[in-house]
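Written out below as structure tokens is the structure these notes cover.
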Amino acid sequence: MVTPDMTTTVAGIEFKNPVLTASGTFGYGLEFTDFLDLDRLGGLVTKGLSAAPRKGNPPARVVETPAGMLNAIGLQNIGVPSFLADKLPKLREYDTKVIANVFGATEAAYVEACRMLDGAEGLAGIELNVSCPNTEEGGMIFGVDPAALGHVTRLCRKETKLPLIVKLSPNVTDIRLMARCARDAGADALSLVNTFVGMAIDVERRRPVLANVCGGLSGPAIRPLAVWLTWQVRQAVEIPIIGIGGIMSARDVVEFLLAGASAVQVGTASFVTPSASADIVTELSNWLSERNIASVRELIGGLEVPPRG
Amino acid sequence: MTGAYASTAAQEFLQRAILPKIMILDKTVAVVSNEALGNGNFLLTFAEPEMAAEMVPGQFFMIGMPGSGILLRRPFSVCGLPGTFENDSSGILQVLYKVMGQGTGVLAGLGDGAPLTVLGPLGNGFTLPQPGVTPVFVAGGIGSAPFPALTKACSTPPVMLYGARSAGDLPLLDWFRSHCGETLVATEDGSVGEKGLVTAPLLRWMEGRDPATYALIACGPDPMLRAIRNIAVPAGIRCQLSLEAHMACGFGVCIGCVVPTHGEDGEVDYTRICVDGPVLPAEKLAW
Amino acid sequence: MVTPDMTTTVAGIEFKNPVLTASGTFGYGLEFTDFLDLDRLGGLVTKGLSAAPRKGNPPARVVETPAGMLNAIGLQNIGVPSFLADKLPKLREYDTKVIANVFGATEAAYVEACRMLDGAEGLAGIELNVSCPNTEEGGMIFGVDPAALGHVTRLCRKETKLPLIVKLSPNVTDIRLMARCARDAGADALSLVNTFVGMAIDVERRRPVLANVCGGLSGPAIRPLAVWLTWQVRQAVEIPIIGIGGIMSARDVVEFLLAGASAVQVGTASFVTPSASADIVTELSNWLSERNIASVRELIGGLEVPPRG
Amino acid sequence: MTGAYASTAAQEFLQRAILPKIMILDKTVAVVSNEALGNGNFLLTFAEPEMAAEMVPGQFFMIGMPGSGILLRRPFSVCGLPGTFENDSSGILQVLYKVMGQGTGVLAGLGDGAPLTVLGPLGNGFTLPQPGVTPVFVAGGIGSAPFPALTKACSTPPVMLYGARSAGDLPLLDWFRSHCGETLVATEDGSVGEKGLVTAPLLRWMEGRDPATYALIACGPDPMLRAIRNIAVPAGIRCQLSLEAHMACGFGVCIGCVVPTHGEDGEVDYTRICVDGPVLPAEKLAW
């Protein structure tokens, strides 16, 4: 049994393993210290941050659906200044890569958040959330309009020397087009996917369950869709991909790696089992050893597509 | 006067909030028993000594049903702590639940020995009324769940006001009758107690009493909690409400379980009831 | 307890109840006579038919995913002539509405299939499948390109006097645009949704599970997405909608009706429980009686969206 | 000669196919027992008299696990019909299964009394060899599942060639040893029987024998079936293969479960094995 090499590099960031936690599902990281050792993770992505704090949507904000959940949190967050003052100093004590997820209602707001974060000690990179479906001003337009996506990416690129990861929306006809726009505008890597827009109805009250009417679908239900989009983007661009969507186990991680992701993010699973991300690191390491796979990087893009017939 | 009591309640609340933080445990336990109490109400028993040792009345668990295809865990208050229903030293815990949908439907089907994943203790729990202050409980139906453990923790025998749609929705009535100082019942169909809403006997009980001598603690459906808030806050009566909200995580990270509260800036804040609740002083609510 | 009025009208077709079966999940109807009385159904939609028979994709063609399944059947079918000769005469013996689902690799093939079906005795309408993701020539281009959709719809509209239902693809950025194009081109009604494109990987063999690489996701997993798209289309056009996606119970039917559908189709559920469609008719009738709702039509578009705040 | 035997097999096959169609039943049954046989193999027993009365060896069920979150049912051959393992009149049916993934994992966890949804009889079943023709079974691991019922239905004692990776993967070895005319075993690791693939003892057994005196019936992994097809078809030996494919429905409507076969037009056809199989004459396969 080999002890597999779990390291992977995305956007110039060296991760000790390919398992990161997804934005909005891991708070600011510190909430999880009861459940796992943050040092075990490849990295963590913060809750979406805006230049100023935000209060978010009225409740109800979450509801379960078959093998998934809808959320319409509305990007409630403490704002970049509080993150830099209260959270990042504590996160620096851990040996894991911290990535700030950033959004804005306008291009100027994106730019301002990136500028505030640039040069922050202990920050490994910025992930631009151009794809949150849950607020009118949450950047959805940037996620579905190629020109808008390219423009906001280019502006943010100028504001920061940090590695820049653009998180794509799945709610588009052709994600390859969006991937190319983000790359051309200077993205170092892409992460995908954010949630799919969905809706649940309380049939007795004849009302949407969520106050926001629609919400974002996450969880195992979306995994086959996310794996397909990862594979599609892999064909379209050469920059690294972080795969996201419904990952619950090491097997699921391997699916994304084979489809072309260089790392992954664990989202909803952390709500179900708070230690899920760290558990998956252990499970993945064992999975590789059992199969005598020396490096996790061997799996990246390793999907074989046999000729038809 | 209103202000004085309100701030007392808020102060008590803050005291509770700065207690040293207890570690949240994530355990897999086996169902010890899952007793049907009629009308879709069940009393679920499992043992988890470490959790039982730390938990206080008003806190809750997130309970998962592995292998059921249900993704998220479900929140349930602790109903019985060791000593509430029986004296034992094995860390027995009880949950009183009602079948409402898919998750509770699966739970109701579990037999002895079935595995559960249990996360807890979660939330803040109730602030115990000072000795000499009479705890006045107001429970709507399954909202009675947290009161057995709380009854045992109170130094003064509480008054229980227990309301529900119908007799079958008062699963713990006998228990409260034998453990509370006084138990007043109201059902919407009049099948037991007086006919109508529980607020009617509550108002009668309050009549002429000095608000300094008692404190309200309520748990039940939102309209009931609103009605009680509207009675208590203007009258300056100390009042804690145990709230419900859809939850994904239960430990503060999804920001899903918020209720609108009065923010310091005078505007509405959204407060997570899984960490800052589920128990909030009535005057905080901005419904 | 009232006996509810279950009738509903879509595209001028009067259905005895709003529960139809979805194309590709109910064969040609006759395969289900062991399990249910076809007379109980509002209607049935045939497996997708092309002018000439087709052999479909190599196996594996189906695989389960969380709360869903992927399929890449590749539109294997007996062809319109066999349908007219062997199936339709037998279906005429039943008192239910038969709708032919039609597709083609080219505009000419769509037109030909419609022309062959026009005037067929016992056929209540045609559903154009412009959205099958599983073959290179299966019409996906028509499903995602508004101009192509409009054009093929217009051509088919000319070929047939039968009510014309256009079945939309969910794999687009803005389904409202597609809905408007189909309506402007003469569609009498819209059905939505077809399957979402997804992929599953056999991590041991490092290959796609499906020989076709990708497949279409159906089942409960997609229901929140389909309900949202139904509601979106409801805001965009006034022609009737048939809601489809993950319906397993009467409650799910009500969700689609409230969101704006005038009828629904039951798909994957018929694989899980062959009698599902008829069971749902009974369950829906009971659901309405228990609530004293006199007509199922009261539910259509009945969603109330409270003001925010 | 090749042609002659091949067409006999095809004819027999067609005869079977035009038997009057039997109604497919969809029933909810309770687990009678779910016995672990080691190495992830289980023998599942339930009772369904109506189905048991109609079913023939080689047919299969689609089995669903309500409340498990598993969407589709899973296909399993009938292993035991009434009288196969025990004589009883209550319509006892058995399924032999191996834990492979999520569905079989859930199945393995079910206790007595757990509900199952069972659809059947499905598929065509085996064509019984004529009296005097020796049935030669070739089973790979869990592919032995359909053979107990078939053994009992054969008028001539069959020869069993039983191959697997290792001793633990031969769950029914003792049963076959005591019910077949002859039982030859091969394991890849040599832990029981000869070391290697089951085709080796098969070829030795066939050596010098007149193909008119026996008929092959095989069930197991695809590579094994291919090897047997490649032995049988060129030699003109009657050979039925019981195939597997991913299935969604099991009764012919999803067109998911196809295998490539030689079409009448000389091109490849896709044949649904849930209705036109799972048993096909080896010469039909266009692998």
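First chain written, first letter: the chains are A, B, C and D, and each begins at residue 1.
To be clear about the criterion, a contact is a pair of C-beta atoms (placed from the backbone, for glycine too) under 8 Å apart; a residue touches a chain by one contact, two chains touch by 3 or more.
Since this is a predicted model, take the numbers as computed values, not measurements.
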item	value
Computed distance of Cα centres, chain B from chain A, in Å	36
Between chain B and chain D, centroid-to-centroid distance (C-alpha), Å	56
Inter-chain centre distance, chain A versus chain D - centres from mean C-alpha coordinates, in Å	46
Chain centre separation (chain A, chain C; CA means) in Å	34
Overlap residues in chain C, where contacts from two or more other chains coincide	58, 67-68, 219-220
Residue list for chain B, restricted to those that touch at least two other chains	69-70
Chain contact topology (line, ring, star, complete or other)	ring
Chains that touch, pairwise	A-B, A-C, B-D, C-D
Chain D contact footprint on chain B (complex, rising order)	67-70, 106, 109
Sites on chain A touched by chain C in the complex	58, 65-68, 70, 144, 171-174, 196-201, 203, 205-208, 211-214, 217, 219-225, 227-228, 231, 246, 251, 254-255, 258-259, 302-306, 308-309
Contact set on chain B toward chain A in their complex	23-24, 26, 64, 69-73, 103, 117, 119, 245-249, 251-260, 267-270
Residues of chain C touching chain D in the complex	24-27, 31-32, 34-35, 47, 55-56, 58-64, 67-69, 71, 73, 76, 209, 219-220, 268, 270-275
